[in-house]
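Take a look at the structures listed below.
The same chain A turns up in both complexes below, where it pairs with chain B and then with chain C.
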Partner chain A sequence: MSEPLLDIRNLTIGFRAYGQYRRVLHDVSLSVGQGERVSLIGQSGSGKTVTMRTIIGTLPMPPGEVESGSIQYDRSSLLDLNKIERNKLKGTGISIVLQDPMLSFNPVLTIGRQMDDIVRYGDARLGQSRSRDARRRHIIDTLDKVQLSDGDRILDSYPMMLSGGMRQRVLIGMALLNKPRLLIADEPGTALDVTTQDEILALLNRLVAQEGLSLLLITHNLGVVREMADRIYVMDKGRIVEHGTREAIFNAPQDDYTKRLMAAVPPLYGPDVVTITNDKTAPKPAIAIEAVSKDFTSRSGIFNQHKTEHRAVDSVSINVAQGDIFGLAGESGSGKTTLAKMTLGLIDPTEGRIEIDGQDVGQTRGTADFRKLIQIVYQNPGSSLNPRRTITDQIAVPLKFTGHESTRIKTRVCELLEMVDLPADMANMYPHELSGGQKQRVAIARALSVNPRILVLDEPTSALDVLVQSTVIDLLHRLRAEFDLTYLFISHDLSLMRNFCNRVGVMLRGQIVEEGPVADVFGTPQHAYTRALLSAIPVTTDAAEALKPKVSKEERGAVLNRSTAIGG
Partner chain B sequence: MVLYLLRRAASLLLVLFGLAILIFVIARVVPGDPARIALGPMATPEQVLELRTEMGLDQPFLVQLGTYLSGLAQGDLGKSLLTSRPVMDDILAALPATFELVLFTIILQIVISIPLGILAAVYRNTWIDNVTRVISLIGVVTPGFVLAILLQLVAAFYLGFFPITGRLDPSIAFDADITGLLLVDGTLKGRWDVVADAIRHLILPSIALAMAGIGQVVRITRSAMIEVASRDFIEASRAYGIPERVVRFRYMLRVASVAPLTILGLEFASLIGNAFIVEFVFSWPGIASYGVRTILQKDLNAVIGVVLVSGVFFVIANLVIDIVLGLLDPRHRLREGGRK
Partner chain C sequence: MSAPEMIDAKAQRSLTSRQMAMYRFTRNPAALIGALIVVSVVIAAIFAPWLAPSPESAGSFVDFRNRHMAPSWDNVMGTDNVGRDIFSRVLFGYRVSLGLVVGVLGVAVPLGVVLGLVAGYFGGWTETIVMRFTDIMLALPPLAMALAITAVLSPNLVNAMIAITLLWWTWHTRLIYRIVKAQMNEDYVEAAKLAGASHFHIMFRELLPNCISAIAVKISLDAGFVILFGASLSFLGLGIQPPTPDLGTMVATGAEYMPEMWWQAVMPGLAILYAILGFNLLGDGLRDMLDVEL
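The block that comes next holds the complex of A and B.
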């Protein structure tokens, strides 16, 4: 291999705060060659982001401190450069694409303004200048490279007017404006739907090939890495625990941590897939949704005289049997959350009727009995738990509202913590003292506190790392067996759904387009959209890749034609 | 944008209409007979009755309301019992002084508090931050009238830096007949001595009025700036090589200014309320002095008029803030009027 473009040697970094010194990177060495695609894998808190910020030069120092080590970029030592020379490289030598395409834009400036600033100040640092028109032409050319042909319209738009996929493309274009040689991408596309993510990854691959870029990809998604990396570094607790070529890491991982990481990824296809069944036979369904529709009305005009109806859910009928784990799959905006909210009696359906355990939701919702029947676990335990109340207080909320005796609450909370494998002494802690997985367990305990028959799980693991996710999933399986629960599981993670649910329904624009037992839907998908979804999922083995349904470009375009449109 | 403005303006008119009805009802519900108070304890029942008829107080309530509203639509606020002149004339005579004071105060607040807030955010947790924290705390906890009296005593009486009371030195002959605002009319007529003297008179009362708002806005600007600083797009801008000063002033401040501006709009309401006391202390010939007298005298038409005028002030201030916010942040105007 020729001289690497980026060469990090023995980098050790710590943070000093309130007199305490904490090391976050230990002796990290990493290199990226010219035109090479390198992935840095690790869970949240492993030190990936600190590494990225140190390379790009946005790590605040203090509190950050480089203890030892060096970063060579193109024969200059980044850590020894003065501020001006260092700033010269920003955007022009090394550039980044941050994770969330919405948050990476300034919401109050047009796209054109933001991109023009980048070009203008980039030019200024390189000692050149171009006319406004020349800059605009350059920006439109760059947008063309990221396959956005409608440059003029995009430049006059505000970030919120673009769809998620477009924003991500514009963001990549932004990073490329000043022709960097190294692009650092932090979880590109993970905030997007899987089909859009697939397009973004393909785009990045093409840019590396065509523009001669080097790519450092920072991610926790092993499926993405398999499609995007020539070489891989695995990071855990601030240390590089393993590195090697993609084949070496995927086929024969050496380090224990890498192995556990690989094992925790739910497989989409292949011999390791777990198929859940429900062998209970109950006379009546737990949830019966009959021809339910929901319209949302938005008004415009001076006197709100113009009504536009938007059909979020369109005559959906589902029966969820007792003991089922019913997975509701679909991309954002497909109506799955609206359907779940109607099931919980939080909003009224426009048409149709929902029965829980034989009782009409419209009649019984709001009563203590209804609350004892069905409960919910939200997506992000960080925001679904009140940061100012202790764990006991939070778990006790449903108990209080269902007429539980206050003297028994303490013992009940301890029981519940034990149920979700948390130590009883956590009862008096506050949420910030708990890890993400522990918080989600508390949220589950809270939902279970009134002994419900049905739990609605709204992406309960999507905010968690994959190792933590697998433990939460195991817990949910165990609780279902122990307490005879029925789950309605909402997710866009189809790999997880394959191994967690026994039945699935796929939603597209408010309708259920396909429904059935998991093995059938994943094994022989009938609807073109299901096939497009499945084919877009990044998988971790070649065997699974071979088993994915093959979808032609045209077929995909037909069902996903809205994904890059303005609006949304 | 036009649609956004029309919508805001329409809803504000509605607010004013509601306010007019509400204040009228309240004024009629409070106990005490305005005619009796106006005539004094020595008046005979016949005289009181006569005045009641003249004022229309013997009419059914809804008729009174109707008469009042139709008068209001033509700019007629009725007659003041205190001065026996149309309320509208009284208010128009006193309004410019108050308007000038409040406007000067708002400008003072913006000019002082937003830069201080930015400084506090940029030099977070240093002595600069701590000093602004103390200043804003003092501003928030000190009642306006205490500050007014203190300033008057120290800066005007003992030190003599500023005049003690009034709007303009009596020795200066000047007729503010264009807008009624001394600063504007003085400038238009090229009378710089008037402008300078008016500013000298304005400084103490407007500081007394401004401090509470300054304290709030400094804190809010600071926390908004700090919040914005931690957002992804700020890091992205730095990583793309945008210079630090541009990141701070163009990117951060523009996003962060929404919260302080909203507060400033609401601040307007309390400014007019506080102006009642501050004007009293500095013998400012504004609407507040007039308002206080009319309230004590239960001069109903005048009270309603004063309240309505403060309402108009408040509503217009918020319209202006809405327009500014709409210009600063596209999400405001786009969300309101639907997409494009």
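The block that comes next holds the complex of A and C.
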């Protein structure tokens, strides 16, 4: 292969903070060839974002310091360029697609204004200028490339008027405006639903091929990498632990870390899939949801005179048997969280009734008996734990309000910490002193403190890295066996659900479109939406890819919102 | 997550948050100076009878032979129109000022914080009533209100305190209300409700700890303003009455002898400046240290 477009050699970077120096990148070498797709994978905190920021020159220095190493881009050394020369490369040489399509826009300016600025400044850096109309034509052409055909309307819209998928497309379009040669994509589409993410990845792949771009993809998702990379670099704790072609890494990983990473990803199909069963037979269901609906009313107008009803949950009926791990799958806005909140008695259903262990939620909620029956583990332990209270204080809250004596509470807290495999000396720490996985264990301990029979798990692992996720999932399995628990598991991660649950229900716009044992729903999905959802999931092996259900374009179009048109 | 945040999160694991806060504080010379000034003012106030070169100057002491003396080694800040040592009176003046601060903030802060917690936590009608009443109080011009109140109640230290307190709690209500409103979206509040926690528990055990740093910063910034406000009232003759040594009253009396005998107004004025500067620097330093937005 000819000379690489981007060549990082032995880059070592450190940060100076609070009088301490710590190295975050150790001797990192990485290259991207002309027209090549390269992926950098690693867990949060592995240093991949620091690497990216150093390439594009937005790493704050100080506190950042480049100790040694070089970055060559197209025969010039990026670290030695002066500010003006380096700025010339921004957008025109190297361009970036950021992770969050909402935070990347200024909410008070139209899309057109923001894109026009990019073209104008890009032109100015290159010493050229174009008329306003010429710029607009160029922008609309670029939007066409990212399959946004309604260019004029999009340019006059504000960011909040577009869907997440469209914003991500506009963001990619922005990156392409000044015809870069290297595109850096930082976790593209991870903030979006899986079906939209699938479209975005396909789009990126097509653009790279059509425009002859080089792509540096930064991600933690191995499935995405398999679809998007020719070569792969694996990063751990600031070091490149392994690199090679996609085939080499996926088929024969050498490094221990890579192997562990691969093993931790729950498989969607194939021989490694674990099927959980529930062999308990109990006469009455743990949770019985009967024809439950929920309407939300939003008011608008100066005197709140206009009422708009929005049906979040539409006559849903589910029975969760004792000992089940029932998975509630669906994309954002499908109503799964609303359903969970009604189950917990936090909001009232508009119609229908929910029974927990044979008792009506409407009547028993708020009582100590109800709290001893059902508890919840939230998605983000950063938010569900009070940052200003110690671990003991937080775990003790449910105990205190179910009439435990204060002397008993202390021993119970120690017991609970042991149950979730946390050392007892964490009892007096504050949440910020714990890692994400440890925090989630504390949240689980708190939920279990009053010995509930049912746990609602609201995406309990989605904020965690995949290696940590697998340990938390193992813990949940163990606790279920030990304490006879029933789980209602809410998630959008179907791969995880396949291996964690014994029954699943798939929600679409407030309705359950398909429900049944995992093996059936994943093996022979009946509803077009389930098939569309499953086929969009990035998997890590070719075998799994072949086993994914096929879905025709028409079917997809019928069940999914398109991310390419306004109001679609 | 951006790079600096990532590093902060990492650093947190090796340094405790208290260590980091202390690091930020000690790297901030202004904050250190502010802390020293505040400590010196507090010491001056507490030990005024022992520190003052002529403690009798604090009262209705008269020494006409030594009146209108310019600053010298005997009287570092000069003497006033009846021959009292201004430096001694300033030290005793700090007593009155700090007494005012403690009295005002001791009532206004708890009142404001509780109202803010209640309004933010319960929402609905409670929120509407509390916050609209707060808005009405905020709409009244503070100095004019204080003047009206002290004029009606007869001017003295206690009434000045009452007047300032009545106006001061509103700021704390709004501050706490805003923080609580933001915290209510956090899952830990819902988790506490699901755990069966009482309203009292959620407000004072869960939400209040998250307001403490903001309250601390606000108090230290407030202290300076309360001193200033009290001095303004006294200057206008509606605050503390002579012979109680009060910085505002001293400026007012001294102003009659400007500009020839400048020290009589300027020295107490500088004393006010010194105390307020100290509290403000300390407040700014605390704000950086505890990383709160006001």
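In the analysis below, the second predicted complex is superposed on the first by the 560 of 568 C-alpha atoms of A that agree within 3 Å, B and C clash if a C-alpha of one lies under 4 Å from a C-alpha of the other, contacts with A are read in each partner's own complex, and residues count from 1 in each chain.
Just so it is clear, a residue touches a chain if its C-beta (ideal position, glycine included) is under 8 Å from a C-beta of that chain, and two chains touch if they have at least 3 such contacts.
Remember, it's a predicted structure, so these values are computed and weren't measured experimentally.
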item: Combined model on chain A: chain C and chain B, fit or clash; value: clash
item: Partner chain(s) touched by A:M160 [first = chain B, second = chain C, both, neither]; value: first
item: Chain B versus chain C as contact partner of A:L344, first or second or both or neither; value: second
item: Partner chain(s) touched by A:S384 [first = chain B, second = chain C, both, neither]; value: second
item: First (chain B), second (chain C), both or neither touched by A:V108; value: first
item: Residues of chain A at both interfaces, chain B in one complex, chain C in the other; value: 53
item: Touch list for chain B against partner chain A, complex; value: 3, 6-7, 10, 231-233, 235-243, 246, 250-251, 254-255, 328-331, 334, 337-339
item: Residues of chain C touching chain A in the complex; value: 1-4, 6-17, 19-20, 23, 186-188, 190-198, 201, 205-206, 209-210, 212
item: Contact set on chain A toward chain C in their complex; value: 15, 17-20, 22, 24, 44-45, 49-50, 53, 59-60, 63-64, 344, 346, 366, 368, 371, 375-376, 378-380, 383-389, 393-394, 397-398, 400-402, 430, 432-433, 435, 443, 446, 450
item: Residues of chain A defined as touching chain B within the complex; value: 53, 56-58, 87-88, 90-92, 95-96, 98-100, 103-110, 114, 117-118, 121-122, 125, 158, 160-161, 174-175, 177-178, 298, 300-303, 306, 567
